[in-house]
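Naming follows writing order (A, B and C), and every chain is counted from residue 1.
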Amino acid sequence: MPKHTIADILRGLEAKTFSSEEITQQYLDAIAKHDSKFNSFITVTGEQALSQARAADTARQKGAAGALCGVPIAHKDIFCTEGVRTSCASKMLDNFIAPYNATVVDRLASAGVVTLGKTNLDEFAMGSSNETSFYGPVRNPWNTDCVPGGSSGGSAAAIAAGMAPAATGTDTGGSIRQPAALCGLTGLKPTYGRVSRYGMIAFASSLDQGGPMAKTAEDNALLLQAMAGFDHRDSTSMNVAVPDYVAGLSKDLSGLKIGVPKEYFSDGLAPDIAAAIEASLDVYRKMGAEIKTISLPHTHLAVPCYYIIAPAEASTNLSRFDGVRYGYRCENPKDLDDLYTRTRAEGFGAEVKRRILIGTYALSSGFYDAYYRKAQQIRRLIKQDFDEAFKSVDIIAGPTTPNPAFALGEKVSDPVTMYLEDIYTIAVNLAGLPAISLPAGFTQGKPIGLQLIGRDFDETTLLAAAHQYQQRSDWHQQAAPGSV
Amino acid sequence: MSLDQNDIAKLARLARINIAETETAELSERIGDILNMVDAMQAVDTANVVAMANPHDAIQRLRADEVTESNHREKFQQIAPQTADGLYLVPQVIE
Amino acid sequence: MEWEVVIGLEIHVQLTTKSKIFSGSSTAFGADANTQASAVDLAMPGTLPVLNEQAVKNAILFGLAINADICRDSVFDRKNYFYPDLPKGYQTTQMDFPIVGPGIVEITLSDGSTRSVRVHHAHLEEDAGKSLHEDYQGMSGIDLNRAGTPLIEIVSEPDMRSAEEAVAYLRKIHSIVTYLGISDGDMSQGSLRCDANVSIRPKGQEEYGTRAELKNINSFRFVERAIKTEVLRQIELIEDGGKVKQETRLYDSDKNETRPMRSKEEANDYRYFPCPDLLPVHVEQSLIDELLAGMPELPDAKRQRFESDFGLSAYDAYLLTGERAVADYFEVAANSAGDAKLAANWVNGELSASLNRDNLSINASPVSAEQLGGLIQRIRDNSISGKIAKQVFDALWNKEGDSADAIIDSKGLKQVSDSGALGAMVDEVLAANPEQVEQFRAADEGKRKKMLGFFVGQIMKASKGQANPGVINKLLNEKLGG
């Protein structure tokens, strides 16, 4: 079962090798039996999953099966699910039963998926290690002393451990790609505006994007097909036609021009990872791609720029958590001020508070120009770097992270070092581009991720490039030692 | 760039987060680290760069003026900390 | 010392849209608490705003009406502060790029003089909910039905120099938005709310004094009183050696005093920044053209037309065009009466007084414009005198008949112009007052004029007011041998 992909499950369901109810039950059993080791789920929705599975089996018998009918998946606990706790891994929302579904949840439900439960994450998606969750850290199935990455660490660990074939994630600065890389998975951050943000609890509105996480590029294509598309409830959702991603997997890539940014191969990159990326580029060369060195000169400014913009947006996005209409409220507030200050002091964890304060500072009077406006300007320079590069290449390739999964607790006391782990992923969010991370080797028994960055709305080329690489490699087929 | 206790207190006040005095030293150190890292931006001349708020430089779509929502008060207030007569209750608001 | 008063107004106008500015909730007034508060209005996690097209059009219409520049790419910002009636912890508003740029509003004062008040800008924003201070278990109740109602905030330059000017400006804004149909302008329901920035300075001094902001003054009358009260406070304060503090004050209409607002004491830092959930609002020239083409006649144009087409005085025209409903009423009445000046006198006089007395708006007038027109026709053809006309008007007001004619008939109020009948009446009166007749005949020309009034009065009394005064005058002159 850990090797099951969505494509495998669809074939099995179609061939009646197993029913959705049977396979759903198997995953639920695996979660019940093994998740105590990983802590990848915050909420398991067993009964609901089984009833959805039975409904899917009936639909399939009637010949009314949606594209993903009966496929069990998990949702990152940042997507609102009606009638089910949606916690964002925060004490603030520990009691929040969402009264509506996120658009992504609705879309996947109409495609027929079965929801196994809600996966763990860094609190409000603020982190790269899944250590800031109110529900405790998640462990990496490849090495349980290590972090799975974050913020979609629960989704990544659940898939890597074989407790779900696929899951949703969200990516603000690398939160899909980095855990995918650290857990040996394939994860796609779509173009900003490709997937609706409605019902996805906001961290940084101009950067957040939901996307799929799975073992293969093919599964990513299947999921994205259901998730993507215009949503009238999200003003930043773009009305751009959704192509057939599955059909696009076999797109002819001969003559593909791949740019490799020289800035990505600097001192901070682990030598094994550099070597693995070089090796994967050789695979592409053999596929007929042309590899070119390019320059993204403002790369070093991406992390500083992000650590102003993301906290600034977050600081106000999180003002709604005030103990008045939903969520946590402190005991016996003595007055209105006490209600606010204590609810928010008790409801938010340390990293969230830190980021709210930084964001508040960056927007405050006297500092706005030096920080927030400056960051918005740098953001344009970063975007222009990519625009320039895409004049001469079709995709950009490089490592997803400079290092493999690090030990739990290793970087907790040094946030800046942890932030710098996101150096390759963050610029992509600032520019709004699509990018995919796929397994490209191992170092010390830990997975290495290859990141491919594409042009706006050209997820097709990324998925095809990843898929065709996976036809020529088996990194993505390796099972984590901790898996079921 | 570093923030002193007063700065932290002011930010905490704006953000309505109660910060204990024992927490401020560590907070100010960590925030100081982050601000130092962020200061790399100041070396770049951005005088002629237009700020970018959205990755696509797109424009706002407008919604037709139609009532599309109905009353879900009961459902919404089931998850509220405290309500009475359909109102959300908070400690006395002073004008 | 002689002081000069400096006033700037910030006027919040609720726009008449069916749904809220960023959600599909109804904006209808008076629904049960929180029944018109959707997930978006409640700032539930993950919800997002989508901008209402009509709110944008309404704002542009206002801008066009005051000849302002329309910002082709306006931007929504977040204004961050915590308050229980503000669910997101920020108000979505416009700061650096408001949709309506600088414009001009002409005001007319009671002496007929006019002034220009500059509008600095007008921006779109969302209204907050309401905090109800009645005691709920020792707590306040929050109703978010109003949260998200579209507003434009119209910010003037500090161009007004008296409370009267401020009221005239406020009335002018009220008439513009109601003419445009972009707001119902109902101050009692909070559809139009006014904050006044008030300061004083020694006459002749260029730099402004420190201003106090008076919040939420909710009627024309209170605006005048609040400003006058605040001006007196500031003068007294300064003359006693004190200093005006820049602060927000609340006007208490019961005590007729202003006092500092406790909740606004804390210096705030609103941390405005562009709302990342919304994109710039792009306005095409074609939309502006379309709105201009459909623009109704505005108060200034209507006033000029009333002057030129109807021959009204500037002041009558000004009074009639303040409210669109009054102007519309007048036009119908004038056309049906066939005499605009008489119609103007009646609308500005008897009708206006009666409406005020019964505290009614013109839309609720018991006497319709057609009925008033019919009444004026009977004055014009001498069927009734002006005095009888007031009786007929009162009867119409009290619904004693469907038309002036019906009331004149049923009450027998038709004016008597028949010389034969009136001649007999004149003879009777002269016979009953021989002394006065003698005095009259002995008097000189100047005194006679006055004395004639006595006889006319007696005859009017005898005829219950129905005698035609012109005919009586003529007969009296004949019979008294004048």
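We take it that a residue touches a chain if its C-beta (ideal position, glycine included) is under 8 Å from a C-beta of that chain, and two chains touch if they have at least 3 such contacts.
Computed from a predicted model, the values in this text were never measured in an experiment.
In terms of C-beta pairs in contact, the better-connected of the chain pairs B-C and A-C is B-C. Averaging Cα coordinates per chain and for the whole protein, the chain whose average falls nearest the overall one is B. Centre-to-centre separation between chain A and chain B, using Cα means, comes to 23 Å.
We define each chain's centre as the mean of its Cα atoms; on that basis chain B and chain C are separated by 41 Å.
Our note on geometry: chain A versus chain C, Cα centroid distance of 58 Å, whole angstroms.
Across the assembly, chain B contributes 14, 16, 53-54, 58, 60-61, 63, 72, 76, 82, 88, 90-94 as residues in contact with two or more other chains.
Touching of two or more other chains is recorded for residues 96, 99, 206, 232, 235-236, 315, 319, 322, 324-326, 336, 340, 360, 364 of chain A.
Each of residues 39, 42, 44, 50-51, 80, 82, 84, 142, 269, 271, 276, 278-279 in chain C touches at least two other chains. Those residues of chain B that touch chain A in the complex are listed here as 3, 7-8, 11-12, 14-19, 27, 30-31, 33-35, 37-42, 44, 46, 49-56, 58, 60-61, 63, 72, 75-76, 78-82, 88, 90-94.
Taken in their complex, chain B has these residues touching chain C: 14, 16, 53-54, 58-69, 71-73, 76-77, 82, 84-95. For chain C in complex with chain B, the residues that touch the partner chain are 17-19, 23-26, 32-40, 42, 44, 50-56, 73, 75, 80, 82-84, 131-133, 136-144, 250, 261-263, 269, 271, 274, 276, 278-282. Interface of chain A with chain B (complex): residues 95-97, 99, 192-193, 206, 232, 235-236, 238-239, 298, 300-301, 303-305, 307-308, 315, 319, 322-327, 329, 333-342, 344-345, 348, 353-354, 356-358, 360-361, 364, 370-371, 373-381, 383, 415-416, 419, 430-433, 456.
On the side of chain C, the complex with chain A involves touching residues 39, 42-51, 78, 80, 82, 84, 87-90, 142, 269, 271-273, 276-279.
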